[in-house]
Amino acid sequence: MTRLLISCRDRPGIVAAVSQFLHRVGANIVSSDQHSTDAAGGGPFFMRMEFALPAAVDLEPVARAFGSEVAENLAMDWTMWPAERPKRLALLASRHDHCLLDLLWRERRGELEARTELVVSNHPDLEADVDRFGVPYHHVPVVREHKAEAEQRLLELLAGRVDLVVLARYMQILTGGFLERVGVPVINIHHSFLPAFAGADPHQRAKDRGVKLIGATAHYVTEELDAGPIIEQDVIRVDHRHSAARLARLGSDIERVVLARAVAWHCEDRVLRYGATTVVFA
Amino acid sequence: MTRLLISCRDRPGIVAAVSQFLHRVGANIVSSDQHSTDAAGGGPFFMRMEFALPAAVDLEPVARAFGSEVAENLAMDWTMWPAERPKRLALLASRHDHCLLDLLWRERRGELEARTELVVSNHPDLEADVDRFGVPYHHVPVVREHKAEAEQRLLELLAGRVDLVVLARYMQILTGGFLERVGVPVINIHHSFLPAFAGADPHQRAKDRGVKLIGATAHYVTEELDAGPIIEQDVIRVDHRHSAARLARLGSDIERVVLARAVAWHCEDRVLRYGATTVVFA
Amino acid sequence: MTRLLISCRDRPGIVAAVSQFLHRVGANIVSSDQHSTDAAGGGPFFMRMEFALPAAVDLEPVARAFGSEVAENLAMDWTMWPAERPKRLALLASRHDHCLLDLLWRERRGELEARTELVVSNHPDLEADVDRFGVPYHHVPVVREHKAEAEQRLLELLAGRVDLVVLARYMQILTGGFLERVGVPVINIHHSFLPAFAGADPHQRAKDRGVKLIGATAHYVTEELDAGPIIEQDVIRVDHRHSAARLARLGSDIERVVLARAVAWHCEDRVLRYGATTVVFA
Amino acid sequence: MTRLLISCRDRPGIVAAVSQFLHRVGANIVSSDQHSTDAAGGGPFFMRMEFALPAAVDLEPVARAFGSEVAENLAMDWTMWPAERPKRLALLASRHDHCLLDLLWRERRGELEARTELVVSNHPDLEADVDRFGVPYHHVPVVREHKAEAEQRLLELLAGRVDLVVLARYMQILTGGFLERVGVPVINIHHSFLPAFAGADPHQRAKDRGVKLIGATAHYVTEELDAGPIIEQDVIRVDHRHSAARLARLGSDIERVVLARAVAWHCEDRVLRYGATTVVFA
């Protein structure tokens, strides 16, 4: 199975051109999702298709032909990803274990189309837990005055080795320079329902504000803190009896589910970024 | 805008054939959803497309051409419905007002692509409320021994005048004969999360069983009671403090929302029946 | 049935003192909720009790005795409210009908322990709808330069006649002076999950930010806009396909349910304010 | 901190008698919940209190005095449990790891007031995973013809060593004889929203029936299969795109959260059984 992701300006004939091309190369379209931001046409257009090629047909020449025969004319941004190739992940964590272990456990269960290449943490605490999954653990401490060195070390560990970086409650802010140079998407889990309670200590602030639901937000990381395109969010009901500590504990259940969904969807090529937002064909 | 709904056996080239045809007649595909029940192909296949024809092009000849040039070859069940034509509804109710008034109010707000032609009830109680919406109210009492006459009277009121019958807490069971003769889909709202608590008095039984969530189910009516294809369901959290009466009250909030969603989706041609289930492109 | 609400500083013996007093006057405690903000004691303490007095016993002398024998010693803020006396409401609205009509309909159904004394709007649009419920409708236009006169007119309509003011999508900001002089709590429904998207146009901003859930918040009104103590919140899942207009429509379903819950709880004496937050014994 | 759980017939003066007694022995009541099934009095009455005794006061004589001075007169079923004493658990599993590992992980994080004494499984598969938590793993195969021996072996492992048995997706039915002799409560997680889809293979049946939500139910085990008192339930939204296998995967996220909540509440003495249902002071 192959997945085709397309972004382009909307105009008549896109679906026809793509499906006709795929039909011609013998592909069977198994699923198809599309989204136009503007019903009148002319706005951004997004499409995701899954198709199966005949056993005898190679993906590479098909992709090349698609590029020159279809995508170029329609000025498409596009990718084709073979479903059997798992995304290579780096998981970054600090001391909280819930998101990190949950992702490793889901990968082992076969819930993620991904293979974790390495875990990096600015603390040594979680090494034994990660070892049990047979995944290399790198301890890269981050000291305020030597942050640049730490990011440099991170880049050396990650460069060219992964398709996605996941911040599984990594409590360090990544610089714009790092994001640019790492060259792959970075997904973060924030422990609040963004844009509410962006920044530090959201559970205490939620408690102080008396909100009746707390949440978590998985988003692509951009230079602007806690403002990147949102992939997934969820909430849980709370009340006055919950202390900030108990909110944090309840919140961790939401965090791991929300992050797992976001990572799974990204790995299944279900997420398209669009300005400050996303289109998620979940 | 026109909506195309298709069910057929899956095989390569369906999407290509449809989108190519639409492209040829100058249509712009605005949205497209598809679903295959069997990724290997050959199982049932469902598709919904919304397309815009050029102002100068009439729908009728397009539909005719689609039938002979595309649908026949691929043995499709299909419909094309012009989005600007509202579905004509009959609402059947008894004494509970919440579902009935909610639908009438949503129609007035423009939330439903529908026009209620008439309300029929086996009780006179809600006539004044319905009058305010300017909708005709027919009182058709149902006496056990004269049920056949009541159904006959119903059929006379409905025949050929509506596209959909909605049972908005209509507390009478319709016979298979009626369902056959009425000739249009019938949607019911059941005040439980089916298949739990099918039959009468679900809230008392939910209370006795100590469930922690109560729900509502909107489904197409079939001869087998409470077993028709489910369109939509939702639930609300409850606890030991809720009496059966309070469960009923809470439940009514779920019922009206679930029924409204189901009716809206049906009217927007988002629901395809498939055996005992449905495909909902919501 | 009588409801007793208490706020005081926590210390040993409060529950014993209250329950002993009630036992002595022959009351049967039917339900009891309490909340301490600080398990170590000494922090704020909240309690709600429902009790039934013997038929021969009057509430007034009981209340007086409670004040002098129990409440004074323990420096309690407290109220006793006879459950059979409905709260008198004023509903303020503008042009949106969904919250207003929903509250009137719930009152008619007996879902609210309340009686709406009057509706006031800065627009004439909803008068006919309100008339049908037999509730007086007052049109008090608000012109920017004459806002003081409008608030004065409002105060004349409300003063001494209501126990609670509900802003059922009333699109005017009330001044601190008004809030002080009106002398009763004011509940507002905000069409977002506060503190996210406080201020105007939350649905467009939610769309721009790409959030995956939209919500509504019912809160007591304070001088600081959209920052008063939250009573209830809820959310609904949305995605990229929803336009800002459709978000608003979906949101209105949440708004009316959230506002109805908040008003019902307030009328049943289930809400205690505590600084910027609330304790809700729901 | 000590927790007091009471069930008795409702009558005036219960709360007063209990709180007066606690006040007399110097206890500070930190929280109190009560529930009467019949507002008119005379029905079953449930109460949970948390109280702190002065450092110098022992629980045992207090409990003895409570029994003779308060509980006996009012014919109470009651327990006092010191909060600092964790419940001793046995976890029974088969091959599914998600519920088992989640409980062990939560215990390690300090989320459960419990200490797992042993894990028993009818399969050897999960031994390595359990070893890592330092918990003994016993493999007790169950062969149909020798079920009695297997249950006997289980009883030997459990007898007198645990306060609660948790079936963490244990795929064997326990006999009434076992339940009687084990002498402690047994909590099971069922992978459907009971009473819907009781019995085997609920996800396939949910798929066949086309339900729009799937769920999980944690309940006390009784001789009647899948009919014991429900402690907690939750659901997740699904649609036609989910295969039965994917429903099972989604369901496992619900199962582990629902089971964890039920076990935590039981361990915190928040659950009282009442006929076929429960009162949960969560």
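Per-chain residue numbering starts at 1, and chain names A, B, C and D are given in the order in which the chains are listed.
Definition applied: a contact is a pair of C-beta atoms (placed from the backbone, for glycine too) under 8 Å apart; a residue touches a chain by one contact, two chains touch by 3 or more.
Everything numeric here is computed off the predicted structure, so don't read it as measured data.
S.K.: Comparing centres built from CA atoms, which chain ends up most distant from chain A?
M.R.: The chain lying farthest from chain A is C.
S.K.: Quick one: superpose chain A on chain B by CA and send over the rotation angle as a multiple of 5°.
M.R.: 180
S.K.: In whole angstrom, how far does the Cα centroid of chain A sit from the Cα centroid of chain D?
M.R.: Each chain reduced to its C-alpha mean, chain A and chain D end up 37 Å apart.
S.K.: Where the centres are mean C-alpha positions, what is the separation of chain B from chain D, in Å?
M.R.: 41
S.K.: List, in ascending order, every residue of chain B touching at least 2 other chains.
M.R.: 35
S.K.: What is the shape of the graph in which nodes denote protein chains and edges denote touching chain pairs (line, ring, star, complete, other)?
M.R.: Graph shape here is complete: every pair of chains touches.
S.K.: If you look only at chain A, which of its residues touch chain B in the complex?
M.R.: 1, 11-16, 19-20, 22-23, 26-36, 39, 41, 52, 237
S.K.: State the interface residues of chain D toward chain A in the complex, per the touch definition above.
M.R.: 97-98, 101, 105, 109, 111, 132, 249, 253, 257
S.K.: Can you list the chain D residues touching chain B in their complex?
M.R.: 35, 193-197, 207-213, 215, 229-230, 232-235, 239-241, 274, 276-280, 282
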